[in-house]
């Protein structure tokens, strides 16, 4: 279909290797990915070819979140946001939008930068790569922790969505991966880390306090459509003080405060499960470019067995409403 | 429906608190569970009421696997197996079967005990509660590790299935649960721990070496029907030496070496996803009694929107074939 | 759930036996149905009990459509509409709405009566019981025939939906039912007759000429979610002049000009198929009272495995939008 | 996938125009179809290309069933069966099998011919094109009528399946198609005619008397997975003597005495509904060649979102079991 909006589409500046080193990833694949991360003109051809009208760009993981020095994180986040504004948004204003990179190591600075990015640079919200390292690589700050709530208050006021993107589990929490380091990233670790992070947000009571917050999860909700009903079911029997201050059933938040994207998952069976758990109004098309092939995901999505009404919503209408995007006439 | 076989049904001896302490679980709920864990006569009434013909019993988690001293584990496993043989199987031979508890801390002893349980006590296989602690509670042995392979060789020769049951993550790997300890058990930690354990088995090449091994996973495969396709998809881009010696695509093992049970999950949407990933021949009914209500699961299963042909398979026929059970006339 | 809108809910005046004789229906069942058809106060209790906020009433089939004398049809339609306005709508204005009965035997008079019913009596649209007999019981006028188009032009201007309700096939077209007369009505004949009638409307080009027409079909679209894709597929190979003047693919009309209700069908499998063909925005809850039990349909709908977001739409939101209904506080 | 069995694959002899005249079908399409109907060598290439191991051939509709003179029907059926045996089966014994054409106008002769075809020519059962004309084209004999039961007795004894294939409704029963003759055939009339014919068989009590009869329906059961649950539901309220002598619920017969094929329907949504109503053991792959493209159906089937376990069953295993086919090594 034409007119798709894609919103987990990554970039990287030649100045800052946002992904860090990649011991477990195939070198040839990673090289090709890195090249495309840093490039914008060829992207325009690719999104044209695949019926994508607008691509919302985000700094690839772990990016700013992996910087242990808060001061450096603050400085680098600004620099990155300015870079993408200049190199992509100003050149292709209707085709590229952006999520801000934020220095969550300092929640106040993160809020300031989000305001600047949205109000001055015209960004569409923020993409946060999971927990932030503070001080050292084994020290993590999750987004439901109390010091981060003032940040969320400002997000709600700004009225923009936050994309919660994966990163790999903390180095000292990788015992179960020993011997299978290839599972640490997108294959497995990304998903369980991010699903649990989202559960923390849900259970914390954050959405009770800031009910208009909107979180976007990739990879069909990191499995939560399948696994969260069991969380909800089993928490019935756990002591209340062991699972946060949430006021409602976990699935209610997933259906009302979250959007789930198709990034990197082209599995119809999983999409159907997602559709039956959150409904088509809460699902958004995405690619996870350049880690995934635009063509592979688009071909799948354009023909997967859902109603054309839902395809239109998931592919385009939901995102246009969420980001207040006007349709543009794409000249190819 | 009548004639159901249930196979994640737990017990506990008054002599050995198999579950250990339960800080995060509701005290009243846990007390009720514990009472029913230790009881067999009332169970017969309950399984009768809910159309369950045969219940395959297993020592509740973490049981033997949580004993850090291998000698004690060996001794206690025997004792437990003898106990259930005497108190349940001999009294209700057609209605109760059992999975052996095994001291995996010593794989040779585990194999010996499995042979004894199957050949002498008439057990139906084994149920293993995840990793085994060895020496201390932060030291774990996963079932794909090389020293365990001789055990698997004997399992394959015996031709009995092994139920891989959850336990909570290692104490020093619980950083992400801080503040949400209620998630450590059945709500969340059980699932990700066990799913990853199963993935280790799959990727290790174990099923290439012992292709006739049969593993049973509870809780609709611990989410793997939804999440394993992405594992398979993303491992394409990870260096081969980082994800085990498996010869086939991960999903092939899930479809051919695993059975997935409905224990503790009565979510039709997730069942449909499972059905579309592994097919009805690979799904088995189970309750997870007494943690779950026999009635709640049975009512759901008996009326969930699958074909009656599949209901019969999942509820009864698949298990009867797998365990070579003869149908018995239940006198109520 | 509370707040449901039901819109295939039938009534009958004691003055006019709208259903005619019922040779094949169980006498006891029919007697009970007829009693409830003529009654409104008890209905209020029933809809309260089942979480139904508003019930849109319609004269039961074949009603006016089965009257072979156009003059009598015209007179009786008015009489029936006045009756229900007085006995139900004026007494329970927030709980009962109505679809007009129309004398399609005279399309001009049908349009006049629809305008009167909508503008003067506050009706919500019309319900048409299939083809109209003209002159004798084997002479039928289908709604796509040219003489009916001026009626549709007025319907489009009025901006109200038309519910296309079943009636049994023409007497001289019942050869295949010989020996199985029990299939003539709701069991089978209703469905194929109405599905084909809807296909005639679709293929005729009516919706190309009057693109804002909205048709409602009961019984999950009379099977069309399953069968219309094949119609579309096979018409590719039939000569253009043999299947009407439609400009678009048949499924496009089904998704955009039709709403499908759950009346009389509480089959989750069929609902899922419908959801995957037209999307949740195009499905509406309904009971088909008193032929069906409000309780049976409501219990099923309230717990069938769709997302709560979609349940809300199908049960309530879609209908409130379509009929511009304000939510009312139900005092029970 | 390789190894598929296809079983609604039609042929025609140059001596007998089995399809008759085709006013509503596109002339160019029909010419191409007819050419391929009469050809066998090119088919071998096509089935090789599409992973089809064995194709079970049947005389195209209405074939023998449309011959009003019983004597001619008897003679022609034999002639056709001999023709296909000689021109296809003897030349490609492992790749082509056949369903017999039968003169149901004379049930005794039909039984004789079936025995001859199965026992002497090695046929796999019979394919019957709906009702048989007797005397004139408006006189029909349905297969549930009493005079046909002795035929069914012999079918059951022979232990072969009967494929119930569509034909268009009786000429004097086409009032509802007026103006839309293109719907008479595969687009719509085929389906409702054949679905109702199958319902007659189900309700008649035939399967209570001959419980081992196996009927195959094409086109995903002609819609019955969606529509038969409503038949069952509504017959509750019809007088018993109006719907045959069946002893069990209609859906039970559909699940136990029928197989449903994918012929001509490549709609995943409808396949999922079918899977959830009858289970994968009761679904069979088929093309409906040459009316459909082998490639189009195969591509869809080989990648549609069902489990590989079910794909294997539906594509190959179920048919091999039903027809006792040995796997053959296909040399291409």
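Labels for the chains are A, B, C and D, by order of writing; each one numbers its residues from 1.
As a convention for this text, a residue touches a chain if its C-beta (ideal position, glycine included) is under 8 Å from a C-beta of that chain, and two chains touch if they have at least 3 such contacts.
This one's a predicted model, so the numbers in the text were calculated from it and none came from an experiment.
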Interface copy of B-C among B-D, A-D or C-D, with over half of contact pairs matching by residue number, is A-D
Dist(centroid_CA(subunit A), centroid_CA(subunit B)) in Å evaluates to 34
Whole-Å distance, C-alpha centre of subunit A to that of subunit D, is 51
Whole-angstrom distance, CA centroid of subunit A to CA centroid of subunit C, is 45
Touching two or more other chains in subunit D are residues 267, 269, 272, 276-277, 305
Contact graph of the chains (line, ring, star, complete, other): complete
In the complex, the residues of subunit A that touch subunit B are 23-27, 29-30, 140, 142, 144, 169-170, 172-173, 175-177, 179-183, 185-188, 191-193, 196-197, 199-200, 203, 219-220, 223, 225-227, 229-231, 233-235, 237-239, 242-244, 264-265, 267, 269-270, 272-273, 276-277, 291
Interface with subunit B, subunit D side, in the complex: residues 251-252, 255-256, 272, 275-282, 305-310, 313
The residues of subunit D that touch subunit A in their complex are 267-269, 272, 304-305
